[in-house]
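Everything below concerns the one structure shown next.
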Amino acid sequence: MKKIIVNSYEELSELTANIVVSTMLQDKQVNLSLTAGSTPKRMYELLLEKMSHLGELTNIHYYTFDETPIRNQEGQVVGFDNFDGLKQSFFEPAKIAESQIVAMQDDNYSNFPELISAAGGLDLMVIGMGDDGHFCANMPECTQFDKAVYRVKLTNDFPWNAPYQEGLKGNYSDYMYTLGLPSLLKVQRVILIVKGASKAAAVKRALTGPLDQNFPASYLRLLPNLTVILDQEAAQQL
Amino acid sequence: MKKIIVNSYEELSELTANIVVSTMLQDKQVNLSLTAGSTPKRMYELLLEKMSHLGELTNIHYYTFDETPIRNQEGQVVGFDNFDGLKQSFFEPAKIAESQIVAMQDDNYSNFPELISAAGGLDLMVIGMGDDGHFCANMPECTQFDKAVYRVKLTNDFPWNAPYQEGLKGNYSDYMYTLGLPSLLKVQRVILIVKGASKAAAVKRALTGPLDQNFPASYLRLLPNLTVILDQEAAQQL
Amino acid sequence: MKKIIVNSYEELSELTANIVVSTMLQDKQVNLSLTAGSTPKRMYELLLEKMSHLGELTNIHYYTFDETPIRNQEGQVVGFDNFDGLKQSFFEPAKIAESQIVAMQDDNYSNFPELISAAGGLDLMVIGMGDDGHFCANMPECTQFDKAVYRVKLTNDFPWNAPYQEGLKGNYSDYMYTLGLPSLLKVQRVILIVKGASKAAAVKRALTGPLDQNFPASYLRLLPNLTVILDQEAAQQL
Amino acid sequence: MKKIIVNSYEELSELTANIVVSTMLQDKQVNLSLTAGSTPKRMYELLLEKMSHLGELTNIHYYTFDETPIRNQEGQVVGFDNFDGLKQSFFEPAKIAESQIVAMQDDNYSNFPELISAAGGLDLMVIGMGDDGHFCANMPECTQFDKAVYRVKLTNDFPWNAPYQEGLKGNYSDYMYTLGLPSLLKVQRVILIVKGASKAAAVKRALTGPLDQNFPASYLRLLPNLTVILDQEAAQQL
């Protein structure tokens, strides 16, 4: 693990955007997997600005790494928790062509690792982590550490499920799927970004605590080429 | 360049087949580009035998590296000089599925480098060389050293053309296409195999002479990870 | 994981030797880490024969992956459990120069991962596994899964220790050190070889059971590019 | 080749510095080879600023790619044309430890490619080009395109020599050595930076003209993973 502590969220966002751009500008098809969520919001703003100066980047392909389909009370799919966020933060404003995006869905999730392998593997993945220790959709209580990809039925056996369903405002999700640890172990380079004091304890546990299956992010330490970028607050317990 | 001189054609064939098998047995999609022609004949026999013990190898994809469509007097395509040879020596007896083969053709040759890049690049290429110094279909007098792929119109401006057309027995070819030097420079590993005293002078010129655009194989020395396997006779002028 | 089941110990040895040779014959410094023990005995015989035809192979460097210094009753080191085996099976008969060997010892074990990184990483590691699930010297009850390298004091807290000490015939060992899982996760390619019916249950547990910290070999499934080569007997419970 | 045209020298410098930083922040020994000269001056200023926020970067090793020892009238070496520039622009202000620098010198130049290979190869090289088409010290009239490294005696057979010697102000150089094309072809990634209208014709010739041994930079197009970064003025003839 290469650990970098920067002064601010702005520096974290700038550095991460620069690593993404740097990876993009190669003479090859480059396969990226980028996280949605709140942590990378500023990173995407900077990335959009930087990409606007760099001409066509049709050599970049994007793979999502997890998905939770969202349904209305009639059971119809009305959204995708991960893809919709990426679409709004990045794919749409960056005008990424559909042909450059491979989104994990019902009909392809089970062979997503093969799709990635058939494209030569992922060059770069940028992920965050939750204060409960989740990464991608590898959640406490239900992570299958030896599966390259897997599906989880969402039930109230998991303490995190009820709050999650409440956040969907009348809609619901009945399952999710995610790349698992073996898939991340095959990525050329993974960047983990964490900001804010509210995650300081989780950062400490992930980076210095025991490997703990109930705190999945602790297993990220096994990644062969991991760069961890923290702001001062997220690093304050290290 | 890593140069290996073995005692016999049998040893050359065995060693080459072993390198191919070794490359195949990885936990990833493996992209191979193998040569047709007489030099690898024994290598294919050994490879078929070895593969028969190794179970399903559906993770291997095969890319041809050049092609010369062959036409009858009515101008209809009746064969493919490279693909037909590979089909007979290897694809058919090894029962390779069509979905694992990407053959260079009229409608895809111009973006073959992009097809290869989209699959993560070639892991291994096995090539031979002619006593006129050609490799793939990079022939004397017409090699375009800076092109990743290109097409050549076959005319009698090239001294090698008339004998070639004669060998087609009433049929003819009007053009060929081939991967060029920049594509080979991107391959993870290239194996050059040469056998027999009749190629000893060409081997000497390719491996120790000046870089000479009229002897294209001299440029193979630039490859970043080239293994040259020669029998004693091919190496006798070194 | 790419799993290959061959007919016999001879085929297992031949295939493994071929992968080692294939990896050796590149135009670069190649860093290998090969296992001692009884499983690879025949592989080394075949490797020695093959290498005798291949000329100088001074581009190959060898790294041991664990060590247990052996002491006499006066406490003096009189041998090295791993290195001495490799020396006898391979380094001495293959006449490998000392400058090509980096052996893990008291004075370098703690920065062995850095030594490997400074040489560009390991290209290939060949390992076995014990019927107790150990790999390298990652033993049941004491494996530190998040350590790139670590030392273990040998005590009778570990059920495997007493039989091990008895095998030393009047000598003893007080500690051992080993590369750990994070180091193996960085190797370009790992080959796991297992032979014989006596290991069939362990093979089943390692390859199909849960990730179990008391059965360290189960974690080998996480390796990004693992080839498992089994003879029929070792595979009989799969 | 991946070609990026940016608006200004400042943008060129910023983008290049970001690629260097991005490459540095990996969990491995990273081997860099950076150019001296006037083009990267601003890049170094930005790099120094960025590195000052990134903590210890002892995992980075620096390899120079050419050298011209400078002598006084008594024949004593009084300086190194390349190293002294790098020392001033970068090594000294960045406080790079001597143990992280491998400088090409009389006593090691001939096996510099082996030194690089023994460290796992170069991860990144940043180079410029001259309006005479030179890259590194591969000069018109004397480039040996098939040599991984070579030495050239400086004589007035070369039109560029007299002006060069004059610039040494009473001192002189009698030879230089440089990595050659085969060494650059082995680098994971090469960045070529060019600025200013005075190089626009050379850029056009290098990137779009024939492969021409008297204009060495034309051969850079063969590099397997080249990123060319140009400001508007350098790109104005494309």
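The chains carry the letters A, B, C and D, assigned in the order they are written, with residues numbered from 1 in each.
FYI, a contact is a pair of C-beta atoms (placed from the backbone, for glycine too) under 8 Å apart; a residue touches a chain by one contact, two chains touch by 3 or more.
Computed from a predicted model, the values in this text were never measured in an experiment.
Asks: Over half of interface residue numbers shared between subunit A and subunit D means same, under half means different, so which is it?
Replies: same
Asks: More C-beta contacts across B-C or across C-D?
Replies: Result of the comparison of B-C and C-D: B-C.
Asks: Where centres are the averaged C-alpha coordinates, which chain has the largest centre distance to subunit C?
Replies: For subunit C, the chain whose C-alpha mean is farthest off is D.
Asks: Could you grab the centroid distance between subunit B and subunit C? Build each centroid from C-alpha atoms only and quote it in angstrom.
Replies: 37
Asks: Between subunit C and subunit D, tell me the centre distance in angstrom, where each centre is the average of that chain's C-alpha atoms.
Replies: Between these chains, centre-to-centre, one finds 41 Å.
Asks: Among the residues of subunit C, pick out those that touch two or more other chains and give their numbers.
Replies: 28, 59, 186, 224-225
Asks: Name the graph shape formed by the protein chains and their touching pairs; answer line, ring, star, complete or other.
Replies: complete
Asks: Note which residues of subunit B are touching subunit D in the complex, please.
Replies: Touch list, subunit B to subunit D: 145-146, 181-182, 185-186, 210-211, 218, 221-225.
Asks: Could you please specify the touching residues of subunit B with respect to subunit C in the complex?
Replies: Those residues of subunit B that touch subunit C are 1-2, 4-7, 11, 15, 18-19, 21-23, 25-28, 53-55, 59, 189, 224-227.
Asks: Going by the contact rule set out above, which residues of subunit B touch subunit A in the complex?
Replies: Going through subunit B, the ones touching subunit A are 28-29, 59, 114, 117-121, 186.
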